[in-house]
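I've put the structures underneath this note.
You will see two complexes here that share chain A, one where it goes with chain B and one where it goes with chain C.
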Partner chain A sequence: MTKQSTEGPTLVWPKKYNEIPKAVFEMEELWPKELETIFYGEEWHPIVHRAEIPNPGDYKAAELGEMPIFAVHGEDGEIRVFQNTCTHRGTSLITESSGNKKELECPYHRWLFNLQGDLVGCPNSRDYAPGFDRKNFGLAKLRLEEFCGLFFVTMSDKTPPLKEYLGESFYEPLSRILGGDGRLKLIGYQKVMYDCNWKAYCDNDGYHAPLLHKAFALLNWQGGKGFQKVTENGHLSFESELKIPDDITALEDGSILDFKGTETSTGSIVQMQFPVTVYSKHMDMLNIRYAFPKGPKGLEVHYAYFSHEDDDEEMLAHRIRQSSNLLGPCGLISMEDASVFSRIDIGNKTPGNAIFQKGVEDEHKLSFTVKQNDESGNLPRWEHYRKRMGFERSES
Partner chain B sequence: MAASNITLELKSEVEDLLNAYAQCIDDDKLENWPDFFTDSCLYRIIPRENHEVGLPTAVMWCDSRGMLEDRVTALRHANVYQVQWYRHLLSNPVITSEDGNTFNVQSNYAVFKTCNDGESTVYNVGRYVDVIVRDNGVLKFKERSAIFDTHKITTLMVIPI
Partner chain C sequence: MSKLSNDTVSAVENLNRDYICALDNMDMTGWLACFSQQGSYTFIAEENVRRGLPIAFMLDDCYERLQDRVTQVVDIQIDSTEHYQMRHFTQLTNIVEQESGTVRATFNFSIYYTQKDTNHTKILCVGRYEDIITLKGGKAEFKHRKAITDSNVLPRYVAYPV
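On to the complex of A and B.
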């Protein structure tokens, strides 16, 4: 069950479930504990989709917490994730964000690993320490599970199996973001650096969307029906109907908002997986947002966009065009989130609590019933975080 | 290559276009920005990381004059962002080929950004790859791609490059 840490910095947590101490975004000393109990703890973290490394030898670098890792597509067709370190004296093996290699050679003393991670060559090994056995020096592999072509890692043996961890309310919509069957093709990345604490990024909610994002109003784009589903371990899924008006007067060229909708979706799915990954499908954009906290301050987010293997040329062009305009750091309908991340980071340097209101029916207990435009869907995640970090709730 | 057709006059005409474009953005006269393009056009800002491996996704992609205008409308009326100013520095313009009325041009750029805290940062660095045509006697961009090296964008990008 939830691992509780008893050592390290503490923070007295407010009694009311809808109050979050602003200090939680600002106390730098929380970071080592977050690494230990969350990033290196009993959570699954998505690293790569098969579509990003479709051929043998393809690799992609990533980070888990502060640990450099990489995923590589083996000769045998299998995808593995390794720590990015030579088993001799630690030199990092992968230096590019992605690419293709036939084998993995460490430049320092030329140890050579195959794509499956086995050590296959090490010069002058006759003179090595007596106990040396090549078989014991394969690359360090991470525990891995796959869902619809997406590969997740965890540092703990105790993390429950992936589907159990995500829960059906989360993995079912996720499968639709991943094209239904995971047969995706990568169409590109957008990378951005936010200057906030990673938890401010995750705290985005269902309340702000029609209010912050004025483009929604400008487009007379009223949210249709929708709902949120939230799990006890902090995963949150939003689903809503997109009703694009037939006649978009605010835009000179409204074709960018066409919803050709081949997948089963009413238009919009956004999912937040604890601790820090967002997945979304708005109109025809299939998007995974891999997120990498850079310590207590700063979060790097890599938006990866996909098409489906069955797309015809027109659909592919449409997806590329939408993905290149609507979301991400220049997203016509979304860049305001980035502005808020910066501003919340400034505002959180003041004392007191951030108090959630919309959708909170009882301040003294946690609710898992969340309506489309509520912000209370974030509270189960905060509760999960509080427990992971071992912070006591105050009595009064 | 028909290098002989690339006259000094043409060179300076092309450079005038590149300079005027940058000046228009830096002076915040964005309402005039779409006029630098032909009616059917393609304007993209794309990370070099994507471009080099053939991944087509850009961060901005306007393939009609309407889309250029919509970017300006959104920036003026919908998007929320910190007050900021750009300063483009341009260098190394090269006309790589021409065939009478179409000119392929490459140049380098660096955009400095200053926000109201008074700090200037190197915000985005890259190269323009342009297809320039003569449209009723005036040089315009038929295609303009800003292929940027600074592939990790700081916070957001709202003003075109």
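On to the complex of A and C.
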């Protein structure tokens, strides 16, 4: 199935649009190419919400592909994202996941940067090379755009503007996950490592059949009416009404499942942004899942939870206990998702293709019309991936 | 250590032993029995505690939630979990009387897990318990047990309390 070319590994893709070669999850040699064409290519990646670094000097470390980066809230109120490396000899400047600094000092030769990224101090510079000019040694800044307080970066100058890239069918529901106006407050993180290839997570965290959720059945809670929308570049949005019965007999404390929100008529929005980010709003939980592939195997997911600035104390307390108990790596309704990731990963070590069925009307054509519980909504993302990676579709 | 009686320290140590043995034996009824009727349980990352962020991995803030934790493990997720064997190692590091009949205790913990039917044993998390324990008639119960994990990124999804 595979051959090594001068442009890196390749993979012959099945002719049918609903078939994905299992090898795509297992071939470690794909990772460098994925870095180049996807993570460092023409895609936008969410890094930080303003609510996570609300004050001047606040910073948050992250990764883009294998590159360490950090976001920092400047003295001028602006948020910027820099490569996490001193422009002298490359030492990393930020070592903690978050914190607050007045300035950024490299411990190696005491080069000093302000929060805007300018080099403002470098001891003994009279002995430096003749061409040295500190103006040329500011921190390397990434291209940045904001949507409802959420900051995205891209490594490419060619990536279309953010709203064009996301499309209205994606950014409109995203705005509702981000509180409608982006005026959010961070209430905390749950972080976990999932033992699977990053693409297996993409196939299953945003979308999965309600069949997976025994909790739904036990709570007599099935999804109400809803729909899916998918973009040509693989971003996928689900919306559905939540139908939670008044009397939940399986639980002693049913209040954990209350839906108090009034900001939207639907109870559930889940979005999967290419390549690897999930956003969700179930009931009163506002959640961004920043995901960081650790090479070809292993994916670190940071579930960030938010409240809204206008919440009263009761709503805030409700969001905290609901978010802590229903979602994430221990959650009542989401732990089952996590258990599937690693099982899929084990199963993918067998030959052949993973075959999508539900909602596929024509195996030889890509469709962007997807019903609420169809799994075919994943296929445009796979097609986008295939094109980015330059894999040819088989003719037979 | 303050001047607590040996009986009090023993009662606290026994309660902790009952707790960790219940979890290592997958005995959720035994786990629940360690809490008083006013009991509560939190499992939270150290990073959130340090930053004053309230989100936890598990937040059972009343007795009914503790009962529902048992239901979640025993009934709701029993089929979907890839089960693992836990081994808790704990050490009492501080114990003080808060008021008559109530003590505050801190234990360090390290917890290993072995995936069922494999030989893979790894560290699940390392951290500390911060406890409020009530003593009545020589019997100790958790009014609150807060497990704070230094391992901010869990190595897998976590199906059982720690």
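Here is the rule we use: the second predicted complex is superposed on the first by the 384 of 396 C-alpha atoms of A that agree within 3 Å, B and C clash if a C-alpha of one lies under 4 Å from a C-alpha of the other, contacts with A are read in each partner's own complex, and residues count from 1 in each chain.
Keep in mind that, in the parts below, contacts are C-beta pairs under 8 Å (C-beta built on N, C-alpha and C of every residue); 3 or more make two chains touch, one makes a residue touch a chain.
Fair warning: this is a prediction, and the values are worked out from it, not measured in the lab.
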item	value
Combined model on chain A where chain B meets chain C, clash or fit	clash
Partner chain in contact with A:227 - chain B first, chain C second, else both or neither	neither
Touching partner for A:368 - first (chain B), second (chain C), both, neither	neither
Touching partner for A:332 - first (chain B), second (chain C), both, neither	both
Touching partner for A:40 - first (chain B), second (chain C), both, neither	neither
Residues on chain A lying within both footprints (that of chain B and that of chain C)	97-98, 186-195, 212, 214-215, 218, 250-253, 256, 300, 305, 320-321, 323-325, 328-330, 332, 335-336, 338-340, 342
For the chain B and chain A complex, residues of the former touching the latter	44-47, 49-50, 53, 55-67, 69-71, 73-74, 77-82, 151-158
Complex contact set, residues of chain A against chain B	97-98, 186-195, 212-215, 218, 250-253, 256, 300, 305, 320-321, 323-325, 328-330, 332, 335-336, 338-342
Sites on chain A touched by chain C in the complex	97-98, 186-195, 212, 214-215, 218, 250-253, 256, 300, 305, 320-321, 323-325, 328-330, 332, 335-336, 338-340, 342-343
Residues of chain C touching chain A in the complex	43, 45, 47-48, 51, 53-62, 64-65, 67-68, 71-72, 75-77, 79-82, 152-159
